[in-house]
Structures are given as structure tokens and as C-alpha cells.
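One structure is given below, represented as C-alpha cells, and several questions about it will come after.
Going in written order, the chains are labelled A, B, C and D, and every chain counts its residues from 1.
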Amino acid sequence: MRLKLSTLIAVLALSAAVGSATAQTVKIGVITTYSGPTAGQGDQLDKGFKLYLKLNGNKLPPGVKVEPIFRDDTGANPDAAKRVAQELIVRDKVQFLTGVVWTPNAAAIAPLTAEAHVPFIIANAAGWNIPRMSDYVARVSHTLPQSAYPLGKWAAKKFKRVYTVVADFAPGHEAEAAFIKGYKDAGGEIVGSARVPLANTDFIPYMQRVKDAKPNAIFAFNPGGKQATAQMKAFGDLELGKAGIKYIGTGDITADEELQNMGDAALGVLTVHHYSAAGDRPANKSFVAAYKKEYGEKLNPGYMAAVAWDAMDLIFHVIREQKGKIDPDKTMQLIRNYKNPDSPRGPIQIDPETRDIVQNEYLREVRKVNGQLANVELEIVETQYKDPWKEFNKAK
Amino acid sequence: MKHAGGYIADSRIRAIEWLPWAFALLCYYAAPSYLSLGSYILTMILFALSLDLILGYGGIITLGHSAYFGTGAYVAGIVAVRLTGEPLVGLLAGALAAGVLGLVTGMIILRTRGLALLMLTLAITSVCFEVANKATSLTGGADGLGGFSLLPILGLFRFDMFGKTAYLYCLAILFASWWLVRKLVYSPFGASLTGVRENNLRMHAVGAPVYQRLVASYTISATLAGLAGALLTQTTQFVGLNALGFQLSGELIVMLVLGGVGRIYGAFVGPLVYLVLQDYLAKRFPEYWYFGIGAMLVLVVLFARGGILGIIDAGILRLRRKS
Amino acid sequence: MQDFLSSLVNVAFHGIAYGMILYLISVGLSVTMGLMGFANLAHGVFAMAGGYMMLSAMSGLDVPFPLAIVGAFVAVALASMVLERFLYSRLYSAGELEQVLFTIGLIFMSVALARLVYGPLPQPVFIPGYLKGQIHLLGSGFPAYRVFLIVFSVALAGLLWFGVERTRWGAMVRATVDYRLMAQSLGINTARLFTLTFGLGSGLAALGGALGAEIIAVQPTYPFEHLVYFLIVVAVGGLGSLRGPFVAALLIGVFDTACKYWVPEFGSFFIYVATIAVLLWRPEGLFGKAT
Amino acid sequence: MHAALETRGLCKNFGALTVAEQIDFRLEAGARHALIGPNGAGKTTFINMLSGRFAPSSGQILLAGEDVTALGQVARVKRGLARTFQISMLFKNATVVDNVAFAVAERAGVAWRMLRPARAYREVVDESMALLETLGLTQDARLRVAELSYGKQRLVEIAIALGLRPRVLLLDEPAAGVPTSESQRILEVLDALPEEIAILIIEHDMDLVFRFATRITVLAQGKVLIAGTPAEIAADKEVHEIYLGERHA
């Protein structure tokens, strides 16, 4: 006999939901990374959430309030994340879970949400199959194939030989696989692949290896933050650009919040991604302006901050639709049909079938705008694009 | 410092020693929504108890005890994924694997002392970390190992999501381990470890095979650490690389010293206070909770070397002197 | 073959540059641990502080790079001497365990403070224009900044060696490392010597943190993240020696870079294995004194 | 008949420094033998080599005729060799009785036992208490060693060594640092030691040496200067010059 986690928790969560139907305070558990080496990424989510709550926190039906509970998962630390999620569900009786930078953490939390019937809105963790782990998971961020696969197809037209360097964990493996598939199917040649440990800080040896293999381009994925900067600097220090090697990748490698730290080495780097602080949509302009007003003129929101904003918008939408009386299954129904034509990153919607995000993917180039580095959007490579990986790996 | 054990110490269990157990059971009924934190605390108490055996009694400072904790955790996880969901099998396998690793590594490193020993423990846990990170097919690498489920314990008690079974399971294992450690501490073997800690050189001079005795205690300690790791895996149904990180070892020392070293119950008080405080601070100040932890450490070292139990001792002594 | 040679040169070069940063930061730790017998795990805090000082002086006050470096050294050295007088000195007679805990506590506090003041993101580093670009030698290009790092560190190592081997202060330090009681009975003011040496060690760490900011990003968790490497340098090199950390840092820098180049999938695995091997072979480190 | 302890051509160098040079030495069974010499003569190093803490650079050490040069401390203790230390080397935070019991338990071979409480090993506790009684420490048995006066700590040193039931006992300055009020007590204890134990004592207190020893070896700069009865030593001119002279002048 196989022991499933008991359904007791479901009963508890349901009774909590019923109990709170009269209370009208909706509790949202926010899990992000506040401490440890990767607190920078967590900070982006935190800033996006808090900005939304500050500006839109009152846009709720009369008598309805939200109470966010912020908790720290200390980094890519699945067991801590799982414990925190469990406590938020059992002890704080939250009606939503959101946040989560790291795929391993989200993968550890997802099964709990299936047991507890707590809607879980992922605001970053990109591992493609997480929504399949629980019917209560929806994702507003992205998957790596969503950007890496079209980039691969596009790169095959431009570059004959590519070297791939990715972070050694699930999202890295997915980015690598998706890029290579798109690239090879379109006729490109992969001259080498390296996987970099997640804790690595020195990219010089890896980039030297790339340089020695003499490709036309290097495809990179790393989990943003200071790793993105370190890799970019190594690219510049070793003068890979002068050796005729183009630096391309998913948007993580030129994340807006870090971009100014990277220096001129980043100029000309090409990425495919769903969000750029330099995007000239009106919704984005007002978002960036609000962000700068709140956190300082020098700071740019990165894609995680923008996604956190959207995640909160989605949650507020479903709270409004239910007038504060949250029913998990009805919530999921509403989420499946969520559309926002005017997000900072352009039109987005949730795919009713996979509960994953549908969005535009932009090809961007790092350029100087008003003396500052920016990811300038060149073209939309895919419009209202679903995660291609779920098409290639149909659920059985 | 007041250490338990020795040739004139009364080894019978005093009434006050039942207090932690009564308290643990009380928590079970009084704070049902805190049981997952409770299970974690019980697990860390067991881990701290294992450290107390070598730090408090053997005098070995290690930054690498998580090597054994993590080994136990991963072996229990791998057993659950590949072999059987029977919890006791995973528990024993985890403890055994950690014990074997403890014996082998102990034999290698315990010939050194001081900084070299500290660094060797650190390096060993780092090697284990890298191995687990790389053996992705077995351990899941940086993504961790999850997605397994466990059978009811002895076919009777199912793990529930409230963490009730998990809590009592941890409590039972901790109780058994405590009983064993207590026996050891009050035995001639335990007394001889006290001698090693107090004066390594003199212990040689009275003809004690110090190295063999340290290896033996190290192995027992590693086994208990592995048991704790396996418990963590089974109660959270997940193992991540952090179980092998040296940060965990550092945190463990902090917890033990906070409670008081070399007196068994320091290992109970320290993790309880540390983790409850951390839980509270992390909720209140998710960005800055470690400032409080750091300040507490500095204060303990400057003003309360014996840890919390040391403060209590001093307080009792003062009261007695007054009366 | 040509390719192999050029990659060999490159690996060696970058390994040496990395090793030099490790050396600058760790040499102070080696001296404090050897001289005072103090297990100061919080040593990285001073390196981090140096990095922050330099970066905020440059970006906030427009202080030129060389001045910012000197400023970081002086400010951190002075601050650490205050810390030594009021806190560290109270623990000289305490056991290793207390020292370890105390300094872990300091790390925790400094990490939180750094986050409060500077936020969680790494600080941007702007190296001056004259140190940018590449220097071409023997047909290979080398980043100018790293060349500067190597030259500077070697010069500093030489200066230190001269200071310890050839000056009165150095003689006192060496005497005190070897025979503490005797030094006291000879009338050496060990308390003042400790304070000065501690300040110097911390100042050097600050220098390493500031100069290395380009390579090792300055952010709040810095003291934890790199602690293991600092400790490895000290333990492998041997306590209380100047040559030890220099050789060890070079070895580790080159070895680590080489392993990442040729067997990238193993990360830091070999460094730890090598550390274990060295310490089993010579528990007192390569240049430490046998006890 | 073998000597209780004998060395042949014992040498020890620390680098360029020679601290023992060709020492030939015999400690007869049941002897009361003193080793004297100025500071830095190499007395403690010699004891450390005898007890097995340092390995000699060359030469042989024989315990009751058996070559033990290659054996470690533990093996020599097993063969009946015990020592005390110049500076108190006690288990400071343990009780007085535990200090002795640690040694007794090792000798009796019970120190590996893990399951029964130590207190249940009556023979160890009783023997330790009996030893303390002969040294007049019964009252202090339950105190921590750190709470004792220095003189009493020196007695505990001796008690620990006696707990090993040695046939050869090496005493490294048993009365060093003890105020005169307490040194009398130490001498009484030494006088009362069982006759069958061969004793080698290092001591600076010449009164104590000449009252206690029946044979004296003088060590200077790592070499044996002279060996003989107390009377012979007292009469020796060279000894007077380099050593006794400074005291009796």
C-alpha cells in the first residue's frame, strides 16, 4: 500500500476557507529568498510584490482585505522552502501561495498544494513541468524553452557553430536542451557544452574554454544576479567579442537589475525574453516610473519584479471575482481564464490547459540608452507563445 | 562547566529529566499547528545530541558533522525511491551508512588536531556535498530528491500532513537515542571521553588508547547524526543539498553551544531556543533575522560561556548561596 | 599543440591572478591565527568591508581609485583595531570553540548590517580607464586589471616579507609567534603588538576585498561564501608563516582554475580532495611548524 | 637480573639542538633514584623519552630487560611504567576521584565498557578511594580538581600514577611550585610509596633529593656528568662548581 500524504490537510484547508468566508481577510503566503548568496533575486520579487500592494492594495471589494505573509526560503533550498510552505498552509492558513525564485523549491512545494488545495501562483521558478505536479499550480513567469527554443531557431540562421554554457540544475538543463533542439533542428552545429555548478562565482576558466573552441556564438543561461555579472565580465575580460564570438542567451544573462553592473562588455549581447525594463509599452513605462519612484532613480526593475507585479495582479483579480470568499477550485477556474492585455510585458494570459503563461517573446540587444545600458527590444520573435516543451512532451 | 558522567555520578534518571519528554508531549496536544516545526526541532535535537558526544565529551570541534547527517538523509531518500517505502528500513540504512562513513573518515582524520582537524572535517563535508551535487541520477543534484512516499510505520501508523505521526515518530527515535547516549555518557567509556577532552596528553600517559576511543565515539556520533538526517528526509519527504552544507554544521554548533556543551540537555535546550527564535525572527524580519541570531551568539560567548544551562546553573548557585 | 600551450598560459595567468586575491585576503588571517592563536572566522568581514568602502568612496564621493584603495585599507585597519581592543582581546584566553562561535556571530551581524546599508545586490565595480583593456604579451592578450593585480600583490608580498624578516617589528612578531611567554618576559608589549598586527591583517584583507571586487563580487554574504577558501589557504599554507599562504594561494588559484577549465563538471571537488591530501600529509600545513 | 629501566646510548636532537647525548642509565628494581642538573640540562626530555612521549633519535630503552624503544606510551604503561608531570596535567574539571578512576579503569581494562554505568564498577571506585585515602585526600574526593590547592593537586598527580600500579614510577618535580607548608606532606607521601616500585625523581629541591634518594645521576647539557650515592655527589667538585655551588656558596 502506498502512503499518500493524508487528505486530512485538505479538510483543514477547506474548513479554513469556509471559516474565512465570513472574515473577509485573504491571506497570501509569499515565499522568496531574503537571505543567503541569492538574496538579490528574492529581493526583486519582494520589490515587485510590495510595489503592487502599495499602489493597488485597496482595489478590492468593500470589506475585503489582503494580508500578505512574507517568508524566507534562504536560497535554492528545497527542504527549507517546503517547511515554510507547510507552515504557511497549516499554521497561517493562507489561501494563496506565491513567490518562489527557485525551481527546486517550487518542485518541493507543488505536491503540498495538491494535498492542501491551495492555489500556488509561481512568480519565477521556471522548471517546465512544475504545473503538472499539482492542479493547484499556475505560473505567471516563464519556462526556459519558451525563450531558449525560439532563440535556437533564430540563432541557426545567424551562427554556424555555438558553444553552450548553462547552470547545472534543472532549469539550466532545460535551457540547454531547448536551445540545442531549436538550433540543431534548424541546422546548427553545437561545438561544446559545459554545465557550471550553481555555487560557482568564477567564470574565467569556463569562458576560456569557450574561447579556445572558437565558436561563432556562446549560448548561456545562469540564474541571473551576480552570476550573470560574473559571466559577462569574464566574457569581456577574455575579449571573446573581439575573437568574433557573439554572446546570446535567455534574458536571465542580462537581467535589468544587474545590467548596469556588467559594464560595456554587455553591449551587443543578444537575448530572447519576455520582459525588458526598456520596453516602450505605456503599461511598462508607468510600471518602471512607479518602481523608480519607490526604490530609487538608479534602480531598474528586472523581469522578476515585473512578474511579481503580474502575479499579485492575478491574485487580486481572482479575489475581486470571488468578492473575497476564496474557494480553491473556483479560484483555479478563474486563473485558467485569466487574461491581462496590458501587463508591463505586453499581453499575457494563462493557458487553460497547462496553467502556464502565454506571452510574447522579444529579441533584445543590449545598447546604451541615455548613457545607461538597456535591453532594447528589436522584434517580437514569438507572439502569444505557449511553452513549446509541453507540446513536445505531451502529458500522458 | 558541569558535565554529566563519571565514577561517582548517580546514573539513575532524575525526575527533572522527564521534563523534556512531558513538555514534548504537551506541545503535541497544545500546539498542533506547530508540529512540523516541532518535528524539525526534535530532529535537530537528535543531531545536536550526536555532536555533543564528540564535542562535549571528546572535545573535537568539527565543521563537518553535516557530512553524516546528509549521508543519512540521502541514503534514506534513495532507499525510499529505489527500494522500499518502509520507514524503519530507510532509517536503519541511513544510520548505518553514516556510521560506516564516520568510521572510515574518523580513522583518517582523528590523528590530527586543531586547525587541521577542523579543516579536514570541513573539506570532507564539502567533498560529500560535491559528490551529491554531481550524482544527479541518484540524488537529484541541486534539484533535490523528492517525490517518494513512505509506507505506514510498522504497517500501522500513516504519515499525515498535520505532521502528527511524524512528530511522534521523531519523538520516539529521539527518546531511544537519548536513552542510549545517556548510557554511554555515564559508562566508563563516557568517563574516558571526558578524560580525553579534559586532557588529551594525560590520557595518553595513563595508557588510554585515545585515538581508538575517539574513532569509536566519532563512529557512534556519526551514526546518530545519520539517524537524524534520515528522520529529516522521512518527515519532510524531501532531501536537498543543504543537508550536506557546512553551514548546517556551523548552525548545529551554534545551537549546541547555546544550550550548553557536554551535558546532554544542552542539546535539548539549544535547538529549541534557537529554532523557535529563528522562526519568530524570520517571520517578523525576513531580511534581517540573522542579525538577532548573531547578536545572541556574541552575547553568549562574552557573558555566558556555559550556554543557557550554564546561566541556569549559575542562577541556582546564587540562590543557594543567598539562602 | 599551439592551442594547448596558449590555454595553459591562460589558465596559469588567471589562476595566479585569482590566487593573489586569495593571498591578500588570507595572509592576515594566517598571521592572526598563528600569532594570537585566534580562530577568526570573521576575517572575511574585513575583506567585505574593504570592498564596500572602496566602492562607495568611488561611486558616492568620486574618490579616485588609488586613493579609495588606500582609504579602504586605513579605515578598515583602524576599525578592526577598535574591535580587537574591545571584543577580540577578551577572548584570547578562551577556547577555540568560543572563538569560532563568537566570530560566526560577528559574521551574522555584519551580513545583516551590510544588507541593511547596501541592499542584497552585489555592488557595481568601476575600474579606472587606465586599467581596462588588455595587455598583449607573447601573442596572448591578458586583461590589464589582472596584470596589475598580480604585480601589485607580488610587490606587497615582498614588502611584507621585508617587514617581517628585516624590521624590529617583524622580529618581535616572529619571536612572539614562536615563544609567547618568553617574548612577554623580554618586555615586548604583546597587547600592543597584537592590536597592530590585527589591524594590519584586517587592513590587508580590506585591500584584498577592494582590489578583488572585480573578481569576487562584494555583497552581504561575502564573509560566509568565501570563508572556506580563506581557511583552506591558511590551513594548507601553515599558520603564522608568510610564505605558506603565498604558496598555498597560488597553488589553489591555479589548481582551481585548471580543474574548472579541464574538468568543468566537477566544480570545486578536486580542491577539497587536494586539501584533505595535503593536511593528512602535513597536518601543520606546507610551511607550518610541526608541533 | 635486569634493571627495572635501562637506557643505552640514548640521543635526542631537535634540529641542530642536541638535548640528550649518549645517555647510559640504569634504574635498579626498587631504587630511589634522583636525576638532577641545572635548567635546560635535558631532564624532562629524558623523562619524556622514557615514558614514550618523544621518540629518541637513537639509542635503546629497556623496561625490565625488554626493548621498548619502538613502543608507544600506551604499551609502556601496560608494562608497568607510569609518570607524573612537572606542571600539573590533571583533568581539571573532573572530580578528584574521577581523576584517579580514569587511570584505574584503564589499568583494570574496563574503560571500553559502554552500557553499565561507571559507578557500578565498584572495584574501580573502591580502589580509587583507597588510593586517595592513603594520600589523605578522602575529604576532597568529590571536589573538582580545579578547586584544590596546588599542593593537593600535586598529590593527585601522584595518585593518578599510582592508580596504574606501576613497577617503575617517573616523578617529574613532584614538589615544584608547592609552598613549604605543603611540601612536607609530599615528602611524607613519597617516603610511604611501596618499596617494590622503582622510582626516578627529578627535583630541584636539594633537601628533598638528599633525604629521599639513595642514588643520584647528574645531567648537564644532555650528558651524564656523574652518577653515585648522595655522599659521592655531595663530595664531587665538578658538581659543586656547575650546580650545587651556586646554592651552597
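We take it that contacts are C-beta pairs under 8 Å (C-beta built on N, C-alpha and C of every residue); 3 or more make two chains touch, one makes a residue touch a chain.
Just so it is clear, the structure is predicted and the values come from calculations on it, not from any experiment.
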If you walk from chain to touching chain, how few steps can bring you from chain A to chain B?
-> 1
Please check whether dropping chain B from consideration leaves the other chains as one piece, and if not, give the groups.
-> A, C | D
Among the chains, which has its CA centre at the largest distance from chain A's?
-> D
Give the identifier of the chain nearest to the protein's overall CA centre, each chain being represented by its own CA mean.
-> B
Pick out whichever of the two, A-C or B-C, is joined by more C-beta pairs in contact.
-> B-C
When the centre of a chain is set as the mean of its C-alpha atoms, what distance in Å lies between chain B and chain C?
-> 33
Rounded Å distance between chain A and chain C, as computed from the means of their C-alpha atoms | 37
List the centre-to-centre spacing of chain A and chain D in whole Å, with centres computed as mean CA coordinates.
-> 73
Please work out the Cα centroid separation of chain B and chain D, and write it as a whole number of Å.
-> 42
By residue number and range, which residues of chain D touch two or more other chains?
-> none
Flagged in chain B as touching 2+ other chains are 133, 287, 289-290
Numbers and ranges of chain A residues touching at least 2 other chains | 34-35, 39, 168, 197
Touching pairs among all chains present in the structure = A-B, A-C, B-C, B-D
Touching chain C in the complex, chain A uses residues 34-37, 39-40, 42-43, 168, 194-197, 199-202, 204-206, 208-209, 212, 225-226, 229-230, 233, 237-239, 257-258, 260-261, 263
Residues on chain C engaged by chain A in the complex (per definition of touch) | 3, 6-7, 10-11, 14, 18, 111, 115, 119-126, 134, 141, 143, 145-146, 214-217, 219-221, 224-225, 256-261, 264-265, 267-268
Can you list the chain B residues touching chain D in their complex?
-> 1, 3, 5-11, 183-184, 186-192, 194-195, 198-199, 201-209, 213, 216
Chain B partner, complex, touching residues on chain D are 51, 53, 73-74, 77-78, 82-83, 85, 89-95, 97-98, 101-103, 105-107, 110-121, 124-125, 128, 141-142, 160, 163-164
Touch list for chain C against partner chain B, complex = 33, 39, 87, 90-91, 94, 96-98, 100-102, 104-113, 115-116, 120, 224, 228, 231-232, 234-235, 239, 265-269, 272-273, 275-276, 279-280, 283-285
